[in-house]
Each structure stands twice: as C-alpha cells, then as structure tokens.
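Scrolling down, you'll hit the structures one after another.
Heads up, the next two complexes both have chain A, just with different partners, chain B and then chain C.
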Partner chain A sequence: MGVARTAEGSERDTVLRVQGLDVDYLTERGVVAAVRDMTFSLRAGEIVGIAGESGCGKSTLAHAVCGLLHPPARIRQGRIELGGQDLVGLSERAMRSIRWERIAIVPQSAMNNLSPVLRIGDQIADAILAHRPSTRPQAREKARALLQMVGMLGHHAASYPHELSGGMRQRAVIAMALALHPEVLVLDEPTTALDVMVQATILGAIRDLRDQLGFAVLLITHDLPLLLQTVDRILVMYGGRLVESGSADGIWRRPRHPYTQALLEAFPPLTGPRRRLNAIQGLPPNLLQPPVGCGFAPRCPLTMDRCEEQRPPWTIQGDAAAACWRLDGEGEA
Partner chain B sequence: MRGLAFDNVTKRFRGLNGQIITAVDAVSLRLVEGESVALVGESGSGKSTVARLATRLERPTGGTVSLDGVTLSAVADLPASVQMIFQDPFSSLNPAHTIGYSIQRPIAVKERISARAARLQACDALQRVGLTPPEPFMEKRVSQLSGGQRQRANIARAIALSPRFMIADEPTSMLDVSVGLGILNLLLDLRAEEMAFLFITHNLAAARYVADRVIVLYRGTIVESGAIDDVIQRPLHPYTKDLVAATPDPALPFAGGRIADPEAVEPGWCPFAPRCAQRHAGCETPIALRIVEGEHAVRCTLYP
Partner chain C sequence: MRYSARYLAKRVGFALLTIYLAATADFLLPRLMGGNPAQALASSTGLASPATVAAITKQFGLSNPNWGYQYGLYLWQLVHGNLGISYEYYPSPVSTILLRALPYTVALVLSATVISFAVGWTLGMIGAWRRGGWVDQVGVSIAFGFYAVPYFWLAMMLVFVFAFLLGWFPMGHALPSSITGLTPWQWIAGAVRHGILPVTSLVLTSTAGHLLLMRNNMLTVLSDDYMQLARAKGLKPFSLMFRYAARAAMLPSFTGLMLSLGNVVGGAVVTEIVFSYPGIGLATYNAILSHDYPMIQGAFLMLAVAVVAANLLADLIYPLLDPRVTLQ
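So, the complex of A and B:
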C-alpha cells in the first residue's frame, strides 16, 4: 500500500507523508480507535483540506502530525515523515526543535487562547525568542513585520487581544505560527467561530501567503463548501478513517463515497432550486467498538450485505480514490 | 396593526471606556403572522441586539418595538407569543434543572395551569422537536444531552408556549453540519405550522433555506432588504455584493473577502463608506432606505 495508495504523483516535492497511522485513546471504558490506517501526503505549496464531522478524528490527526498527542492518546503504529524524517517516537526535546520551526499548528480556538495580559507583538516576539538567538527589539520588529504580512497594521503589535476583533486575533495567531517560516502549516478549524466575510478574508490571506512563501497547508474544517472553494485537494474522514480523497473540483463534480455525497447534501446551496435537504440519519460509529466493515454502512442509503461485514477496499480512480464497496472492481489495478 | 414591529429603533450601549456604541441605528422592520424573515450581517452588525430587543431582553434607547400595536416596553411582562432560540445550546438551559422542569416551568407560570397539565404540554413539545419518547428526556439534565439534542430541547422550551413569533439567533452555528441541518429542517416544519420566524445568521445560504425575505444589517443599519432570491441574485448595495461573494458556494470560484477597514466612520457618512470600493463624495449625505423594485429596497447613494 503506502506510496501507491496515496496516488498523488510526484514523490520529490512531498514535504509531509503520513503512512498507516493509528491513534488510540486509552480510556477507562476501553480503547477508542480515534484514527485508523491514515495515509496521505502533502506536497510543497499544496493546500489540503480535511473534512469530516465532530469525532471523525480530524483534530486528533492534526495533533498527531505536530507531535502534540499526550496521554491518554497514543500512536499505535504508523509513520509521520517530515522531509523524510519519521516524527513518531521522537523525544519531546527533539520534537521541540521541529515544531514551530518546520511544522506549525494553529489549534482550534487559538485566537481565544492568546494571553490577555500581554501585547500581541510581545507574544509573537516571545515565540521567536524561544527558538532563535535574537534581541527583544529585533524580535519585536519581526513581530510587526509578521502582523503586516497577514494584513494587520504595525501598530496592532501594541494591542492587547481584547482590543482586537475575532478576525484580527485569528490573523495574529496565524502570523505567530508563520514566525519561523515552517514548511507545513496546520490549521485546525481556523474559521469556525468567524462570520463568512472574515472567513473569506482569512482564507484569502492564507492562499496569498502560500503563494509568496511556498509552505504547505493542512486545513481542517467541517465546512465542506469552504474547502471546495479554497483548497487544492480534499481528504474526507469518517469514524477515524479516510473514506475519500480527490481534487476539490473532482469531489464537487463527482463525490464517490456515499458519506461525501451526504455531507455535500447537508449544506444549503446559495443558488439553484430551493428544496428540503436530507440530514444524515443516525449516529457516527462508537469507536470503542470500531465497526468491522464500513463505518458508514448503518447510515448509508446504498448499503449492501457485505458493507457491514468486510472493510471496503481503497479504490483508486485517476486522481480520486474512495473506500466503498460500490466502487469495487471499478478501480485501477 | 398585527405583527411584531420595530419603528425607528435605536439601541446604544456605553462601552468599557465610557464611549457610546450605537448597536442598532434607526431600524424599522415588521414581521407578520406566518412570515419567515432572515436578518443577515457580520459579527458586530447588531443582529443579536435586534433579537434581544424583539424579545424585550433589551429595551430600546429610541423608537418602539411593538407587538400587535402594543409597545413592548410598556407591558409589565415578557409576552409568551414571542420566543427565542439562542445561539449557544450549551449555556441556554439551566444545568441544575431537568429538561422537563426547564420546559414546564414557563408553561405553569404563563398559562397558570397545574404542574401536571404543564408536564403533558412539555412532553408534547419534546415530541414535536423529535426527542422521543419524551419521558426519559424529561428527567435528563443538559449535561446528558448531545449538542443537537440540547438545541432541540431549547426549541421545545420555546415552542411549548405556542408562540406566534420565533426569534432564532444563529441556532445552528455551534452544531455539526448534519445536526445543524436537522435543526433547520425542524424550523421548516414549524414554519409549515404558521409560526413566524426572524432567523438571524451570517450565512446567506442558510438564510435562503429557511426564509423568504432577507434584511441585511451593517453596523446597526439596514442597508438592503427584499425577497431572498432577488437579493442573492441581484444584490444592490456594495456591502451585500461582498457578502454574497464571501458566502461559500462550491458552484462559484473563490472570490475572497474584503478586509474590514479599521478606519472609523465619519459621522453622517454611510457606515459602509470606509470599506466601499464605490465610495464617492455623495456618501457623506445620509440616505434613507428606498424601494428600487417591488419590495427590493436599498440604502445607498448609487441608487438615488
């Protein structure tokens, strides 16, 4: 599997490769199979979106990739390669020289977790000083430049978080994540609490910065329409597993997995006929007892006998791929 | 005059530094029986303040909010016929009480009926929002429900009083997609029962799903209103155009967003002028909301 399974062409410019990753949560009630057999790669300058609903494992994956999992979470198996180096099993000390330097994360609600008692510029300067030999005035100057890079004004460096709007605070945490020029930027639900206008400006800024600086982005959100418009490639997760991957355009034109189809259907459209949409019935699988077959089968309108009994194969069709028995035999060898 | 009406309503708050913030500025709107209207705008546009004024959780600084011609601030009690669903399903039910108590208590108070009769009505409300069978849900506390179930319980609390007007303030923004769609579908069912809605959202696509008419609010001022498809397909105000472009629609290319200009608004100017690409000297003159065609109205000097 591995390389062939990712089916993403050129190997040369791959910056991040995740292979066969399993993450567990060891709880009092048993082992939660939070992420299973996750395999994908990210090329330099590429924006890849991870879509899925609460509990599908997308945030766990983001934290795993950045070496931020703590007990009760545990990587059961798999590889996370950043520029060819496996991050799994690295000591926290070794990880500290990679995180922020080479892979940076903007965690969910980061904009609400800035220190309320420090000026924005000083918080960014602190991050720079923790990693680079520098003087505070130099670090402050760098912080001002970073804020300007994300579309803020230099004087915002002197603001406290409460003096800024949500959109401005989100820009500030993105500036902070980019402070040390990482190769990979992981954004976990960066626009969820923001209105559509601010969402659009933030994603526009991320795309522009990607064009200028060439970093790759892993963008995690449940907002599939937003991903379809703004990213290069989309991975759809369900019940801890990858169920579909493809170009944004391909997923929009021809979603292959019934879950992707149902997820697309769950967003009211801005144009076209006005009609009642069907919400997905039922609940996601209980990952304390992971399903034997396809996790979506109990909720799937197209389910067949073998769906619940056997895990569907990963079927590759051109630059798209999905795990669904309906596609079995239609794939490329 | 039947219906829920805002006549020239202004609401000002005093900010932390003592400055006056005008959250709602001379807003006039009317919600008639059985109608579904969306109030759309970005964070800070004053949409939630409008919701709180409509339910008398706030009193206007100027103008009147009235229900069937009776000024709300003149009556002693909150009217049961206007109810509200709040944005945050996690904090809008008292965690110390059972769901049953939270729903039946207002019924017992408002309708002056026995606890037993109120309980039956509460069970009926839970059934209508899809929390079935209702009895086990009556005994649960908020912490034992999922996000979607909590919002359904909130809706049950609101509909148990048989309101004619429902103010829904971003009821799905904190929920997962398919759970949120379930809530929107529930609102469609209530609409079919002739309940009138003021649906507050920042997302025009969600607005279009539940409402027939839309009011676009910018910095406390109505800048455009009309039939929802007219406004989405032929937005007139430069702000509405930006809003339509910023709403994710996979059928269209990404248009990006226009960055909010931190510049302050000069008094008397159109509030959107600092951000407007089509700003001109005339934007200095205050302009009224005026009808351009049918019920499509806009407040902009480009449409004199």
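So, the complex of A and C:
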C-alpha cells in the first residue's frame, strides 16, 4: 500500500511517537525495570512489529502506549505522543476519551478478555455507546456489521463468549477494537494461542482491514518469523530495551544484533528452506538488577570484554539500527 | 427462555420429591422417640380418664397402632393442609397457629435479609472498587465489629439502650398493645416502630458475611483480564463497576441470597425471644420447650417447603443471570 510503505514518511505522518520511555514496576522485592529508554514512532497506516522473548516488556509497553498502566506500574520518564499530544500524566478522565476512540488494544490472550456474562454484540456496543451519541439498537447493528467485517456472522453478536471458539473470540475483540476507527491499533500477541491456519487468516484480515481503513498497527509477538511475513518494520526488544530496528526485509536478510539472529533461529520459518532450530541458551536478565552493559552479553556467542561493562551505543545503518558493540564504528551517525 | 419444559419438569419433580422425603422424616422422627402423646396431654390437663385418652388418641390419628395406616392418614391430611393439632394449644390446629405467626416472621426476617444483603453487597462492591479507601476501611471495620459481638448480647444492648434507657422504641412485641381503632397508617407505623430494633439487630450481625463475600468476589473479578479490556474501551467508571464487575461478582452471592430467603420462614429464634416477637421462631421455641410435637413438625415442614422452593427458584433464575450454566 502506497501511503503505508513509503520509507521517507514525513513528521506529519507520525501518529504515535514514543520517546525515552522508562516503565517500572514497584514491587516488594524492588524496582523492576520493565521498559528502558524506548524510542520509536509509528506512521499512519504502518504496521510495526515488536518482537522479543517472554518478559522483555512487550505488554508493559503496549499498556503504557494505551494509557492502561496502573500500580504497581509507573512511568518513570519519557513521552508518549499520540497525534502530537503527550499522554503521560494525562488525567484519567482525559485518557478515557482517548482510549478506543484514538487508540485501541487487543490485549494478550484477548479471547479471554470478554465478559462471560454479556453478549458479544453488547460488549462491542458498550464501546460505541461510551464514545458516540447513539442508541443501543443502533450500536448493536453496528456491532453486527463489525463482526461481518472481520469474517464472522452477524448473528454471532447474540452469542456469549463461551459459545464461540478461541479464534472467533479473537476476531470479535479485533472487531471491537475497530469499532471507532482508531488511528492506532495495538495487538498484543493476537495469535499466540491459535493454530497456524487461524493465525494466518487473522493476520491476513488485519492487513486487509489496515488497507481499507488506514489505521496504524503495533503488532507484538515473540514469534519473529511470523512478524517478518506480516509487518513493514520490526523492533526487537531485549530485557526492556530496544536492541534492533529495521525493515522486515532487512532484518530477514541481515540481522544486526546477535539476539535477533538467535530469535530467527529459534523458530521454524513457515516458508523457505529448512533450518536447524536453536533455542536460545541461558536466561534473560533479571530486571530487578538491570545489567550495566549489554543485557544479552552473558548469552551472546560473540561477546567481547566491554559488552558486560558498557552499554552498546545505538548504531544507525541506513534503514536499520541496532545496539551492539560489534557494529561500533560501522555506523553512519 | 433458556430452559425447556423438560428441565422445568425435572427441577419441579425433584423439589416435590425432596419435600416428600422431608415430610416422611417428619412423620418418623417423633414416633422413633417413643411415648404416647395422648397420654401425656391428658395427664397434663388432669383429664386422664381412659375415655379421654382414647378420644384424644383418635383425634391425633394414633388409634390404629399400625404405622402404615398412620402414615397414610398423615399424608392424606398433609395434602389437605392439615398439619395436625397442637398439644400445647389443644385443640387449635397447628396450621392456624403457624399462619398467625408467619406474617410477623416474614416481615421481620425478610426485611432484615433484604437490607443486610443490600448493605453488604453495596459496601463490598464499593470497598473492592476503591480498595483501602474510606468506605472499604470504615465498612469492613464496622461490619466486623458487629459480627464479632455475640448476637444475644447485641440484641439485649439494643433493647436496653434504645428501648429501656432512651425509650425511642418499644421493648418488644410486634404491634401496639391495643390495635382497635387504629387507622391503617397508624397500624403500619406501629408495626414499623416495633420492627426497627429487631431488624437492626439482625442486619448488624449478618451484614459482615455478605460484605466479605461480595468484596472478595469483586476483587477477583476486578483483577480478571476482561476488566482491563473493558477499561481500555474507555467505559465510564459507573459502567465498569456495575455492568462489568458487579454483574459477574454478584453471581456467587446470589445463591446465598436465595437460600437466606428460604430460611425466612424458619424465623429468627433468638431475635424473637429477646424482642418477645410473636413469630415462627418464638412459636417453635415454645413448642420445643413444651414437647409440642405437631407444632415442631409443622414448623419443620414449612421450613423444608420454603427452603426447597427457594432452591427451585434459584435454579430457575440462575441460568438467566449466568449464561455459562448449561442446562441438562
């Protein structure tokens, strides 16, 4: 799609900009540094993927961006700009009118995120009624149309969540997320619990809808190869930090960070030649005591002396960028 | 309707069977305890002539010593609403005495039940919503303060302070001593004035349980994933709290409410004793003291019927509230 893919998207196109974001969880055992120095932006109509192992802070970032963090989580510093407006520190009331209207989320395990005692159609209608002057019958009608848009049947609006399969519930939440035509759609592991066929159809549906409606997507998953087939741009997170960013193509052809390399090898590609699978050895860093240097160093096959001592600089190379000492000096600044 | 005629028939059939079993137990128990009530009654009234004993024996349906015959007679009378004759208030039928006491008990215990559930649920809901807020702290401490006080003592203190010392409320009974010549409004006002202290005493002790259950359910629901999605939708707090959280959180408490409603006709024995309140509880208590078996049996059977009916009602209403319940 034209608008979506142009690499030189101007400032004007940017719908979401996250800058220097730090998020902590204040726990009894100490401060968990869940997200650190996160910076990225999302242009209108773009699909950006975020990949990383379990516990690297993907969901925390997603919640932060949607203004859904609540204690013990705390934004330590940084900005989250949606259409130029900073969401950090916004009152709950102001946030309420932005949620769903401008940024909607399909949370992790969304299929279990529906109220068990309300009909699907009513749960969608509730979102519409909270933001638009409308009657319930009108909102229900809209809900039926939305369900059809994501490939369900209108009469599914009258179903309760337990009457639908996991894939259908997932679709229902996606339909719900699109109810108010948000500028940004955050999808937190939208297909993790689903089988490969359903995964593919759902991701296909999301792309089609993006083409039709033009919203931007932040697609989170730990399945990097899946992202490669779906998104325009990829951000790789490790231990709460961004370690690499680049186009899907670029990352596939030349992963710059050893962690990205390892992630690519940890999953079987759906297409292409067979490769040996390698689970990543070792454990991610303990975020209660965040590492001084590169968090991946203890697990890295290419580690050098300074990796553990000093944090690697963010090295930009054309379209791509990564934080690794191996790239030091190769950058374009 | 979510349920079929078959489901309905099955539930009703099961309820009737339960009532039948209760009635049978009710028939057997006093007989297994032995003794001849006619003899006892006749001697207590000083009319122990053999002729009197024989007459009373016949009246109680005991003239034929065959239990099968007695059982048939008992059931036959039961389906005609005849619960037998009270020993203590001979020759008044048990049903008359129970029906006289019933309205008082229902008024007393029903209002106490409804109020304590309403207060408990509301405080539990708000307390969980604003966990640690002032409603939560004050509500929980007051409710548990009263819960910790022995009920008997609490009731006595209420009578002592508000009836005896301050004289704001009558010391006991359900109605003013002379009710002739009262307008309906005066009659109602009198009944309410007599009811306030006993109802308050019941509410004070029973609210804590409902509060705690609701609060815990609500806390569980609030940490459920679907509350987060509901919040992400930008719903107003009111809608979040009632439509999404409380709606699901009240389900486990609902069965408790229905069972309490069934227990209403059992009366509140201690309350009725302390407040000399002429309800079923007091009647049952007196019947036990005077070995008035037909009365005890009658009260027991009425309670059994009410509890079974409340259960049946719960079974029929619950599926309408919780769509996950499958009906077989």
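Operating definition for what follows: the second predicted complex is superposed on the first by the 315 of 333 C-alpha atoms of A that agree within 3 Å, B and C clash if a C-alpha of one lies under 4 Å from a C-alpha of the other, contacts with A are read in each partner's own complex, and residues count from 1 in each chain.
Please note the rule applied: a contact is a pair of C-beta atoms (placed from the backbone, for glycine too) under 8 Å apart; a residue touches a chain by one contact, two chains touch by 3 or more.
Here the structure is a predicted model, which is why all the values come from computation and not from measurement.
When the shared chain is aligned, chain B comes close enough to touch A:W252, but chain C does not. Of the two partner chains placed by the overlay, only chain B lies in contact with A:A262; chain C stays clear of it.
Of the two partner chains placed around the shared chain by superposition, neither chain B nor chain C is touched by A:P313. Legend: residue contacts after superposition of the two complexes on their common chain; A:P290 is shown touching neither chain B nor chain C. Greater residue coverage of chain A by touch, when chain B is weighed against chain C, goes to B.
By the touch criterion defined above, A:L226 lies against chain B but remains apart from chain C after alignment on the C-alpha atoms of chain A. In the overlay built on the shared chain, the residue A:G83 is in contact with neither chain B nor chain C.
Once the two complexes are laid over each other on the shared chain, residue contacts for A:G20 go to neither chain B nor chain C.
Shared-chain residue A:A279: touches chain B; no touch with chain C.
Taken together, the chain C residues at the contact with chain A in this complex read 225-226, 228-236, 239, 243-244, 247-248, 251, 321-324.
Of all residues in chain B, only 42-44, 176-182, 184-185, 188, 202-206, 208-209, 229, 232-233, 242-260, 262 touch chain A in the complex they form.
Taken in their complex, chain A has these residues touching chain B: 53-54, 151, 153, 165-167, 194-204, 207, 222-226, 228-230, 252, 262-264, 266-272, 274, 276-280.
Per the touch definition, chain A reaches chain C in the complex via residues 66, 68, 96-101, 104-105, 107, 109-110, 112-118, 126-127, 130-131, 160, 162, 173, 176.
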